[in-house]
Amino acid sequence: MRRRFGGVAAIDGVDFTLAEGELRCIIGPNGAGKSTFFKMLSGQLRPSAGRILFRGEDVTGAERFRIARRGIAIKTQVPNVYDGLPVGENIRLSAARKQAPAAARQIVEEVLVRTGMTSHARRLVGELAHGQRQWVELGMLIASDPVLMLLDEPTAGLSKNEVARMAELVRDMRAGRSVIVVEHDMAFVQMIGGSVTVFHQGRILVEDSMENIRRNVQVRDVYLGKRSYAGA
Amino acid sequence: MQGGVAHVMDFVATVVIEVLYAIASLALISIGLAIIFGMMRVINFAHGEFLMLGGYAAVLPTHIGINLWFSMLVIAPVSVGLFGIFIERLIIRPLYGRIVETVLATWGLSLLLIGVVSSVIGFYQEGAAPPFGSVQVGAYHISIYTFFVIAVTAAILVGVYLFLKFTHYGLIAQGTMQNAAMASALGVNVDRVYAVTFGLGAALSGLAGAILAPISGITPITGITYIAKAFIVVVAGGVTVLAGTTVAAGLFGSISQLVTFATTPIIGEVALLATAIVLLRLLPQGITGRFFRSGL
Amino acid sequence: MTLGNMNKVGPAAVALCGLALAFALPNFVEVFVLVDLTAYIVMAILALSLALVWGYAGILCFGQSAFFGIGGYAYVLAAMNLGESTVPLLIGVALPMIFAAVLGYFLFYGRVGDIYLGVITLCVSLIFYNLVNSMSGTEYKIGSVPIGGHNGIPGVPPINLPGHPALQLGYQGTFQLSLIVLVFVYVGLHLLLASKFGRVVISIRHNELRTELLGYDARLYKLIVFVIGAGIAGIAGILFANWGSFIGPTVFSILFSAQIIIWIMVGGLGTLLGAMGGAFVIQWLNTLLGTTKIADPNIVLGAIFIVFVLLVPRGVQPKLLDFIRLLARRTVDRDGEASVTNHGKM
């Protein structure tokens, strides 16, 4: 796939495949194109070239709500939640699309427990700390029972304890679902497992297991800014 | 046969001149708003009233014996420009970045100005006779002032282009428009740039109102008839100041004038508005959002 | 009673008060007071239409007056041609809604941006103003009724009982009908906004991207709301024509459009009662200034507009509710109640 913004190719030839039920982590320095990649997968951006196939069907350029209806849910880099509405309502809106009101309420209760937000149910999301807003958004994802979860920096703003809790939640959610996580926190990536894809300058640099990536000289150089892809 | 061709030529010449005039007056009333929108992303809904104030600033001094040219070309732009700087400080700056709030606040300002002017000056129409006379083109009379308006508008557009492209301030303003944070980091007083830019836009609006005053007269609500068209030209033109205004004015001016010739002025207006709606639907970013994106 | 429950009790109480007033008031006040009140009530209905479209759905419509005018004119032309009011009532509501459906499809499915939406809706209102204003000659007529240009159409017959053209509403009847309609619209909107559909609409205003990422088609929701709002504005237009036995092109004017926006801004975005209150207060202020001539109404309105945008951007009612919540939190905290939810639906 390619995606250009004006003269800049944010994504310049990415060929990415995820198996059903797989957990993949995407890492890479800032500006590598990770969030742009997610935006294309969730329908927020249309690729300038290339296609996106989901379970065999071509969803390139489809309306974002149609992509969401296929079961692709995204937690965006900057949290996209309803700051002016209570936590409970945020989650209910997510669950209510597919569920009848009574079932939706039940799901809201469960999700509040799993994300540790029960005591905050009636507070406006805008009044919460950044880390808590992340939990709310994650709760919205869980409530929608997705097939593919895209998590863009889920641990941003979380304390060490919360990062561990988040990892546990991701591992739980993984059952029967496919997950792609974009992250900077390597400890978190280790906790959740899964193989790793490294993005750099709009392309995939290397794909491997986490242990091998850690030993990969190229990756280290790219993070330290010593090397550009062309120089590889 | 020769007489017939001459008649057609006269007619064509008249049509061309009227179309140019329509384009010019659209561009004239819009350029001030375009500068403010293109460079600050601010939509000034009191723009019509800036035009109105410019008109009064041109006409009223003549009652006490001041030369019309002086009041039109000096007093009007300067006074409205200064007023613009004052307004920028008071209303625009606190709302910077919030497009909707800015529109609403300036809409309020528009009402306020209408109220103040109608209270202070009254509701009857002010005017001044257009200088020059008219010239004869075949069987048609064309006011020489028409040519004046076309010429002045062209001069203003060229002047703005040269100013933005070649003067020190122009470059700073462009830089600030592209990336205010960077400009600020480079030592530019961004607040001052915005104030001056807004003042410049206001001054041009005042000048426009002054120039058009002898033709259409001025009342406290003259601004209302201008704001809609200026708004449309600017939004349809897109964020590139000169290219946008020129192209949009060109398009709308031609269409509305040609339709007017074929039917009535009112239908011509409707055609202009309808074209605007269709254009915005097809090119949601305005004309220069799609084409001519970089540059002036 | 917690403040949470007030969300249900409040509107019901308001509705009952309204109905009670409709039946009782005519016995206590002079007819001219009823006539004055009717005008306020009609504007309150119009305010509710924009409250739904802008205040709740976040659709920046600068030309809500267009639907008001279309409804009014459609009703008048139909009624004066048919001699009876029942079918014209339906036409007066349907025509603005159809028009809104077409325009809305154009705008929402074209994903036209915020401010451009404002420009286009403003243009629409202006087109109507220019058109109707210029149709002065006697050749401009629908059926046997001249459109009248800037003079408008006088002599609008009152609404009659369906099937009985002779049984027409008097001043008292018009007052009662308008107030009852207001109550119905208020209750109806309240129910709509509390429903599953309504809550999605509210979420769109808060974060349209997130709503679509959850799988909702925001374009459809906005279109439906836009159409409903147009219908309500049309109803207000019909009642307006009835109130004054007259309709003129000023209903399409840009100054009138501005008024409607001021009502919502002052009363509060995201409120129903606030919107009605805003309409009442501003109308009252307008009348006061008009009669006492303290200052030009435009000056005061303009100043209010500016002040509210700069200092009270969410309007009066949310500020008032914030204040009440602040008081409630101090007294209720001890019971362990979490802070009050407010979907802003009062």
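Letters A, B and C mark the chains in the order given here, with residues in each chain numbered from 1 onward.
Here, a contact is a pair of C-beta atoms (placed from the backbone, for glycine too) under 8 Å apart; a residue touches a chain by one contact, two chains touch by 3 or more.
Predicted model only: the values in this text are computed from it and were never measured.
In the touch network of chains, how many steps separate chain A from chain B on the shortest route?
The fewest touching-chain steps linking chain A to chain B number 2.
Looking at CA centres, what chain is most distant from chain A?
Between chain A and every other chain, the largest centroid distance is to B.
Would you say B-C or A-C is joined by more C-beta pairs in contact?
Answer by contact count: B-C.
For chain A versus chain B, what separation do you get between their C-alpha means, in angstrom?
Distance between chain centres, rounded to whole Å: 48 Å.
When the C-alpha atoms of chain A and chain C are each averaged to a single point, how far apart are the two points in Å?
Comparing mean C-alpha positions, chain C is 42 Å from chain A.
Suppose each chain is reduced to the average of its Cα coordinates; what separation in Å results between chain B and chain C?
Using C-alpha averages as centres, the distance is 34 Å.
Provide the list of chain B residues touching at least two other chains, using ranges where the numbers run on.
In chain B, no residue touches at least two other chains, as defined above.
Which residues of chain B touch chain C in their complex?
Touching chain C from chain B are residues 43, 91, 94-95, 99-101, 103-105, 107-116, 118-119, 224, 227-228, 231-232, 235, 264, 266, 269-270, 273-274, 276-277, 280-281, 284.
Name, in rising order, each residue of chain C that touches chain B in their complex.
Spelled out, the residues of chain C in touch with chain B are 60, 106-107, 110-116, 118-120, 122-124, 126-127, 130-131, 134, 254-255, 258, 261-262, 265, 295-306, 308-310, 313.
Would you mind writing out the residues of chain C in touch with chain A in their complex?
196, 199-200, 202-203, 206-207, 209-218, 338-341, 343
Sort out for me which residues of chain A touch chain C in the complex.
Residues in contact with chain C: 42, 44, 63-65, 68-69, 73-74, 76, 80-86, 89, 92-94, 96-98, 101, 119, 121-123, 140, 144.
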